[in-house]
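Just passing along the structure, written as structure tokens.
To keep things simple, chains are lettered A, B, C and D as they appear, and every chain counts its residues starting from 1.
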């Protein structure tokens, strides 16, 4: 009852390990798959090795997580062993990529595409070094430019554009990405925030600002998914605040065809995928749904 | 130890009743003052009577409130009795105003200014009907235009520009408002979100989308205040997720000179102001602070 | 509190225009507390809880758009519920009490009457309605004390106002408390009578509501919030109210006369 | 968990290079659990909790940038603490046990040893250090069982490796469990010896950490997460590990040899 497909890729269930969570090694991605994820995403791959920010980089606050990992990546060149080991992954693998400018995106996309991941996800929620550090995903033209360049680079492989909720007009960005060739939209990346420890009199994250995820951002995700669903025809990978079957169903009713889970791994453990799936099945049985596809966007009716 | 001033207006303490909360009548504003608010804000006043959206308009979700009241207002023309009754208000009164275009803002500002409120707050977090419904506060030029027009209209009365966290570049907006004549910045208004009831298969708010406030948005407020503090010289009225003394101190350490409280009234009751103040005093005593002004922005040091 | 969808277990036709909807929802509602009832895509309105525990229910009179939609619901359908909200009746010390209910005002008073009966309180009930078959909860209220019925058309009980009966009762008897609910003009008269005869009263008031939790300021009567400080208010509070019986706020927060408010409600 | 600023109640100089910081913070830490210690604007690093309840403490060896800053702290200063995290030692059934500690590796083993002593477990302790006065917790460990000391320079106890002592012990005796903590090459040897002599072991492993709660994937050893599944691992797990003793991840998540990892740690 949970079988579905996303960008023509068959999924045993609609839960997807979100990028940046556990995705540092093939072994961990496979472990997530064994714990029920319908697909898994590699932590965003950049053009070269990057350490990211200093600790503290991630911690739990009262209503979710906040992180400023800083896109740490070994870089696409150093990943042969990862790709090799991923051949044993029992579920589709999504490769998330990023770059500081269009050229870097193309470079990473071309090389990652050679490894034939099931899907490529372009994380356009990162700062664009050319446009004065403004975030790609906050600008319609910059988003379209990246997505059309990456789409050329990945060819037949389905491409997801991962958007930031910081865009005041996320539906417009999604439409521009669709027109530029994206096969799906992923929403949302984290919401910008900061936590200060008042006794330390300092922001807790070493990078000071970070991205909020987990329970507190779920309504932001629902709103973004809702708006995107009304704006585009391509499917949506809904992400943000999911750690129960009810959460996943809420995002699907808003318009998501599949559900990314990140912080849920912290709140419920690595078997969050299994838990979410069995809670979804239970709810669907009680509420008369035979297939998970029937849930997609029904709150719009 | 909590006495301070904001825009040269003396406050017995830095807590301020935020706009839209209880601010429908002079009696309720006075009640908030009697319950410890250092200043009180009238619910945003528009150019004409406006009912706002249908119910449900406000409810509590797991980590805060969400509302789509829809800027209901009796309109500035119908408020003689309110102004008359407010003469008995024991604390400074802030008049929040809005309009759908610059002309409406000027009209409301001029008329409200005649009543000599201690401060005027321009709520530029609402959609701009001229610029295709885009929110004023997301656009640098639109923000500057409104603020400079309103500043002319209110003359000597200090003017606060109330910003939306939806702006991807809130510090730039704040700078533009400062340059346009704003005497202070208020941050933040609510964060856009949506909650779906999956059994009803519908968004709960009748207007579907709404604004998140309360505990979940505090880190968003802290981040915005932090960025604005580094960008402008004028004082900041920090608002978002405050319902304890620790919350208030966190926003002040980020750079706020005074603290707005909205949803805290729901979570802690109308005496939230007294509670926050006594918790602040307790913390300040334990941590060696003699005056609340010393807290402003210290996390930047 | 996020609205919870509650299945309608049973619908009881109380009078030609009034139905009770029993809900598949457990609450700890006390007499006088209310809930917000939500019909998705229609509206959300406050209703007294007329049952508690696993008997949780609301009792609705068909009046306008919202209640018409409510009356289209069948057993097995669901409605959204937020609540219980508000402060209920304070009936701790009462030994000798009187209840005055006008029309649908009997709704919050039923649970109270049954609670008072359990505590062996000596109870007089004055129940008024437009016409005989519209007397809400007549039978159940009868079981809780001595009942006096008034109707506008005289088709049942005495022709006339509940307040005339109340006046006669107050002349003869001393009540620890008079509990009232009904149209505000009736409540104004109840209060005047209680003041005249030196009886404490508690009145269940009504205003248009949005948040139901005391932050939006929509339901204000002077500095009191009907949703949070009420909906039940005591004589000590009512004595200070300037708006009671006179003014209420429209949805725009414009304060108008009760007449104008009623006209707006009819739109 | 948000870091809580904890005041340093007391600083104990354990050896010339090692200090214990007693914190004004109550935890329910179990032997082998750790916390993240935060120095604002400097860094945040994992440290074993060497005390629990109101004796909560961390024991720190001065090594690099972070620990140098720690050593500048005085009593009364504060540090940020997140924790306890991880799974500690599983010592439920042990009757006859051995502890092998190399250098600062004695830190997580002290609380364990004291706990085992309380349960009357027959305990042998092998404690190794560079030199005699660097033997961490020598006195307190002595009170918990029979102690064997080894030093690199022979200034105290036997000159040589802890693992040579362990081998001799295993030849003579059957342990329910061997508990180990120290440099990974030492732990590899401890594991080999245990496997050879058919003894179960539990080893406290170390990797660079970020989240400490099992979501960032930084501390991976194959599919295990040191922060969440460990830091203590059992023989059944260690047998399946391919990276143990061989590979670790840099901050970029690049997997490198332990040599390269150690070089990076020295930067």
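One rule holds in what follows: contacts are C-beta pairs under 8 Å (C-beta built on N, C-alpha and C of every residue); 3 or more make two chains touch, one makes a residue touch a chain.
Bear in mind the structure is a predicted one, so any value in this text is a computation, not a measurement.
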Chain labels contacting chain A and also chain B: none
Taking each chain's C-alpha mean as its centre, the one farthest from chain B: D
Euclidean distance of C-alpha centroids - chain B vs chain D, Å: 51
Chain centre separation (chain C, chain D; CA means) in Å: 67
Inter-centroid spacing, chain C versus chain B (mean Cα positions, whole Å): 36
For chain B, residues contacting two or more additional chains: 61-62, 195, 199, 201-202
For chain C, residues that touch 2 or more chains besides their own: none
Touch-based graph of the chains, sorted into line, ring, star, complete or other: line
Touch relationships between chains, expressed as pairs: A-B, A-D, B-C
Interface residues, chain A side, partner chain D - complex: 20-25, 27-28, 30-31, 43, 49-52, 54-62, 65, 67, 69, 72-75, 78, 81, 195, 197, 199-202, 204, 206, 262-263, 265-266, 269-270
Contacting residues of chain C [partner chain B, same complex]: 1-3, 5, 36, 38, 40-41, 43-45, 78, 80, 82, 209-211, 213-218, 220, 222-223, 225, 249-255
Of chain A, residues touching chain B in the complex: 61-64, 66, 134-135, 138, 166-169, 191-196, 198-199, 201-203, 208-209, 212, 215-217, 219-220, 222-223, 226, 246, 249-250, 253-254, 283, 287, 298-299, 301
